[in-house]
Amino acid sequence: MQRIGVFVCHCGSNIAATVDVKKVVEMAALEPGVVHAEDYQYMCSEAGQAKIDAAIKEKNLTGIVVCSCSPRMHETTFRNAAKRAGLNPYMVEIANIREHCSWIHKNMEEATKKAVILARAAIAKVSLNTPLQQGESRVTKRALVIGGGIAGIQTALDIAEAGYEVDIVEKTPSIGGRMSQLDKTFPTLDCSACILTPKMVEASAHEKINIYTYSEVEKVSGFVGDFTVDIRKKARSVNMDKCTGCGVCQEKCPSKKTPNEFNRGLNTRSAIYTPFAQAIPNVPVIDREHCTKFKTGKCGVCAKVCQAGAIEYDQQDEIVTEKYGAIVVATGFDVIKLDQYDEYAYSQSPDVITSLELERIMNAAGPTKGHLERISDHKAPKNMVFIQCVGSRCADKRGKSYCSKICCMYTAKHAMLIRDKYPDVNVTVFYIDVRTPGKNFDEFYRRAVEEYGVNYIKGQVGKVAPQPNGQLLVQGVDLIDNKQILMEADMVVLAAAIEPNKDVRKIATMLTASIDTNNFLTEAHPKLRPVESPTAGVFLSGVCQGPKDIPETVAQAGAAAVKAIGLLAKDKLLTNPCTAKSDELLCNGCSTCANVCPYGAISYIDKEVNDHGIRETRHFAQVNSALCQGCGACTVACPSGAMDLQGFSNRQIIAEVDAICR
Amino acid sequence: MQELVTRAKELLADGTVVRVLGWKRGDLSYNPEPAYFNSQEELEQFVYDGFCGANLSKYMIEGSKKEGKTLVFLKPCDTYSFNQLIKEHRVDRDKAYIIGVGCRGKLDVEKIKAQGIKGIQNISGAGIEEDTDTLNIRTIYGDKTCTYGSAMLERCHVCKGKEHMIFDEEIGESKDTKDADRFAEIEKIEAMSPEEKFAFFQKELSKCIRCNACRNVCPACSCRKCVFDSNQFDSAQKANVDSFEEKMFHIIRAFHVAGRCTDCGECSRVCPQGIPLHLFNRKFIKDINELYGEYQAGADTESKGPLTSFTFEDAEPGIVVERR
Amino acid sequence: MYKIAKENLSALFQTIAETKELYLPVKISGQVNFAAWDEEAEVSLETLKTVKSPKDAFFPQSETLYTCKKEGKKITIDPEALKEKEFVVFGMKACDVKGLEVLDKVFLSDPVDTYYAARREHGIIVAMACHEPEESCFCKVFGVDCAEPAADVSVWMVEGTLYWKAGTEKGEALTKSVESLLSPVEEEKKDGLAAGISELEKLELEKQKIRGIVEQLPYTQLSLEGWGKEENLDEKFNSPKWEELYHPCLACGTCTFVCPTCQCYDIKDYDTGHGIKRYRCWDSCMYSDFTMMAHGNNRTSQMQRFRQRFMHKLMYFPVNNDGMFSCVGCGRCVEKCPASLNIVKVIKAMGGDQ
Amino acid sequence: MSIEKTNEFRPKIVAFCCNWCSYAGADLAGSSRLGYPADVKIIRVPCSCRVNPMFILRAFEKGADGVILCGCHPGDCHYTTGNYYARRRMTLLFSMLDYLGVENGRTRVEWVSAAEGVKFSTTMNEFVEKIHSLGKNVRLEDLRCRN
């Protein structure tokens, strides 16, 4: 029989205001096995933990139940307290009487009754707990960063600086990411390329950093400290070692009709290309889909003109398998597709553009060489309208419920830059709210309004209608003056919402990292563990976790790096002991469990057993506890109950069910 | 039948097998029993007729542990069970020499008795080679007849077919006995109101005596120790104390064999209380076919079972209500 | 001796049920078993053998012994009340009645099983002759005369008339309570009978007919030579035949649960959430956890379990009970064994070639 | 808003919640003060695939009036595939219960992410409402557990 101690926390008034804590103590004390029950203001405090410590020692407790907040909050705290008092940390169960009880119920009697039942269930469970020992696993001292944008580059640099090997896997032919597409950055208006390029160079030159561009993560297995990752290096068709980056091949390539992704399709590129001038590596890629040689077998111009002989048409995709201790996801974002927003005529008129497209138009290396002009007729615009929150803060299904966070600031930047360079252009901004929290942000916005005379109108645009004369008729509403607005514009710029990169779902699935309904990766705790994924060993950097601007991204990238470094600095990791375990006397070796195990943790051995006097060689399942993550899929697949999950055993769960239903 | 005996003797004689697993003549005209034959003399007792309904696949779990090869006779439907047992590593293919035997439907003496035929002394027409549709029954109370079809086991009316899924050689012809839709009964119950369904099953299950015959005969129930015999779930019960227990037992038993049950019909055949246990298993089979695609357990030894696989687009559990 | 027309039987049952619980063969979902009578019950007196024997009426498949209730740290224990109300089991057969004699040896000898004793005390048995014995019957081998069932009341069904004869005081009392529905059989009255014989003579003829049929049954000549004698115990126990015989056995409990004499039970606790209910339920020596003890089990193979059942019925029981076998030849196991094994095959195989 | 019922019947409801999504969703409902009736009691399991049909039947046996299983949305399982197995298992189990004449609606599966506190609360309110409309579970309970 266990000797169980029950500790009921008031959590100040968080619990005690709706749950009669004394009553819970009194009722818990009547449960079988309970030899100690007490309450305290804050169980998680040092004094509270001291009470637990004292009771364990004085009463020789073999198990404890803490009735408090969610185990997701303080289970570790109380386990550690138990451990310090000499009790196995897995002899601790938490009854969640705060989030699941006091905070959601108003009636004290009901809430107290429920708290008693929750306590009972935890007591029933702990009665069946068995001491568990954590195992150890090794740590591969190498990190993988998925995504080579500013977030990924920064994370990689920080990890490398700490002395660990880092691999960056970037899907496109060059690192640099979204930031490389930007012209200027707010609120300082310094040139994006000027600050990014040195970072890119530094990363590529760093002896600890290895960059896989034009590559994708194909498969991830293993677990924290010991991931095995297959990386697909897509066939570049250009030998990285031989290529000198002279660029002749791109000039001579006869196939120049491919939309240029880097310029958001505003112009075209050759089939063999480097995305932009500062690309790293400065080695082109043959886009096989658009290359005449690959489509028809004829051409081969690039090979002919290449002095270095670097063109290799027969290159194949290559799979590199590498081991990592930590993985940082920095997959970044894209702007949403606007095909659902017909009212803004984005697909009808080339002069309705997104802010990112404007960014390319404004850039000296962009499709218009930095001249502000309409895409349709190359005329300089006189009137420009910016529309905010296109797809952000959106109630319907077309857009996103969240605020994309960066649009207010970049729109102010665009407006200011245009007014500065082209003072004769009228700039109007339609907005819902202007959100400028951030250092020097509001000042920046006010300069746009006050110094540069940008016309901000609070209100939404209902329709943008292309006119026969090439003008765009903008119908909006001014909410402050409460009037309809009808104005003609030469260009309309849409601040389209940003969304996580499309590939993130695939990557999250491979990593078993959770993802929210907007496809942003979920952090382990929204406040206290914002750069860690709930999946151990996986960290989050940049916009893949939520909308961010550059400084925030860089800050988070550094934070993710620190977390990864903290992990890589360890020699051994303690593993979760709540793993599946097979009873060799019950198992019949049918292999059903192995069929559902996502980790390949179950194997079979033939061994002699002694089953109550019957000695025979049997074929039965064995769980590799280093691979098992404790999901329990196998335990339900097993009809005889031979496979059970430690810490969440069949009998423990049934005891909880019984306690709740009685 | 004599062909089977001759062949078995040959295989024993040439050392291909060291024993034969078949059926032994009973002491009444309808009660042959599964048996091992270790010699040519013992094979004189061998019988294979309409009353040899027993599926010998499960006996091969023990058979696989014996020294040397065992010759086992399997009817077409039995071979599905054998395959499933191979898939689950419960039998050793290399320890079995399988002769696929022909079948013209198996008989159920209860069905004969249900026709009011009592005091049976002899039944003729049940032999495997006999090409007759009539059973002539001599009883203490006079001579009676009934048709072969009317005495057939339920499973034979919904026969899966004449093909053996696995065999080393085939002997004998099979007959097409299928004359009913396998899911007709299920559909009938599905169409009932919840109250009618409940009453129907309550009545059927009230007969259950928890003898475990259905479980013990089932080739898919091959656990070393059933959950209902062990304390793993605190669910060990020996007898029905409350009507809930039979429900728990039969639901869980059917669930545990879902996706593994070949629909061999042994459970219904052996139930001493005539509970149509196939109604449970077949419900799962029907659901699996409808929701996850046609699946026949035991048709092969490789495929993943429906409960150990999934698709991203699987129906949500709410489908149960929606499709009503 | 009384009689009642078949069509008036439901009135008889109605009358009995007014004051007593009444159990009789009832068809539920196609199977006939003893069950409590009610107006909707589909009574089937023609059925020779119910699936389960009527032993449940005296020794239920499961029964609560006592209930513990827990309130806080306080525990109260309520023993289950003993049977206090009279009940009638109508339509038991001679072999079933004989089965009760076997159970009596077990439960009424010291220490007396009070639950069983109370039921025996309050139970009134109306036994019926077997008019159409079947091929699986072999009661005669155990000295049972199915034409003349001896019980509180014995009944015969001849040509649409049920003949009723009280055999004990309990039977007399029951007869009295339903007398208004019965009419006396006048011993010498021959009028109205085609053959010109009295009803009693007719009943005797019926009994002779039954006995004649029994003689023709395939198992009637079964020899028990060598069984039930202590001196043969070792020889039987060590016989190599067991190893051959047990193979088809599925280790199910069908034979034990349909048997009128199997008396083994297990005692278990059921957690009600507020305490426990301690109940006993039939157990089967065929089960792998039968007589499981802390160290394990004293019979580890199915052969041993199989042997146990038949050695008990045919050796240990008669050796300890003045030669009374604990088999009554009802033949239920012969009919119900899923593997077509049965006690007759064992007796034959072990007894030589008779 | 919690439902205040005037009649006597207070259902017993067991909610199995996976640790990573739904339990966290329930926590979020709590920290957002999104109420639901106290009849719902949550049991934490690592994954929806840990829930054995026997647990569900056991709950009914012991007198539960409704059982709900919450897990991560398909595709978001912390263990990649657990909820896909759970989905098939529960679909078949619920179908069987329906087939046996148990009122459907006593069992439910809902996918609730860690961010869906609102959905958790709404789901529980709806479920309790449904169980109220069905009344006491009499078809699957073990009568010995009544007191």
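Side notes on the structure shown:
As written, the chains take the letters A, B, C and D, and residue 1 is the first residue of each chain.
Just so we're on the same page, a residue touches a chain if its C-beta (ideal position, glycine included) is under 8 Å from a C-beta of that chain, and two chains touch if they have at least 3 such contacts.
Quick caveat, the model's predicted, so the values are computed rather than measured.
The central chain of the assembly on a C-alpha centroid basis is D. Simply put, of A-C and B-C, more C-beta pairs touch at B-C.
Our note on geometry: subunit A versus subunit C, Cα centroid distance of 72 Å, whole angstroms.
Computed from the mean C-alpha positions, the centre of subunit B lies at a distance of 30 Å from the centre of subunit C. With centres set at the average Cα position, the gap from subunit C to subunit D is 47 Å. If each chain is reduced to the centroid of its CA atoms, subunit B and subunit D end up 37 Å from each other.
Residue numbers of subunit C whose C-beta contacts span two or more other chains: 270-274. Looking at subunit A, one finds that residues 596, 637, 650, 654, 658, 661-662 touch two or more other chains. Residue positions of subunit B touching 2 or more other chains: 225, 227, 233-234, 241, 307-308.
Against subunit D, the residues of subunit B that register as touching in their complex are 186, 189-190, 192, 194-202, 227, 233, 235, 241-245, 247-248, 251-252, 254-255, 258, 280, 283-284, 287-288, 291-292, 306-308, 310-312, 314-321, 324. In the complex of the two chains, the subunit A residues touching subunit C come out as 30, 612-614, 658, 661-662. Against subunit C, in their complex, subunit D makes its touches with residues 62-63, 144-145, 147. Per the touch definition, subunit A reaches subunit D in the complex via residues 70-73, 96, 98-101, 103-107, 110-111, 113-114, 117-118, 121, 505, 508-509, 512, 514-517, 522, 534-535, 578, 596, 598, 629-633, 635-637, 645, 648, 650, 653-654, 656-658, 660-662. Of all residues in subunit C, those touching subunit B in their complex are 28-31, 33, 48, 51-52, 61-62, 64, 132-136, 213, 216-218, 247-248, 250-254, 256-258, 266, 268, 270-271, 279, 281-284, 287-289, 334, 336, 338-342, 344-345, 348.
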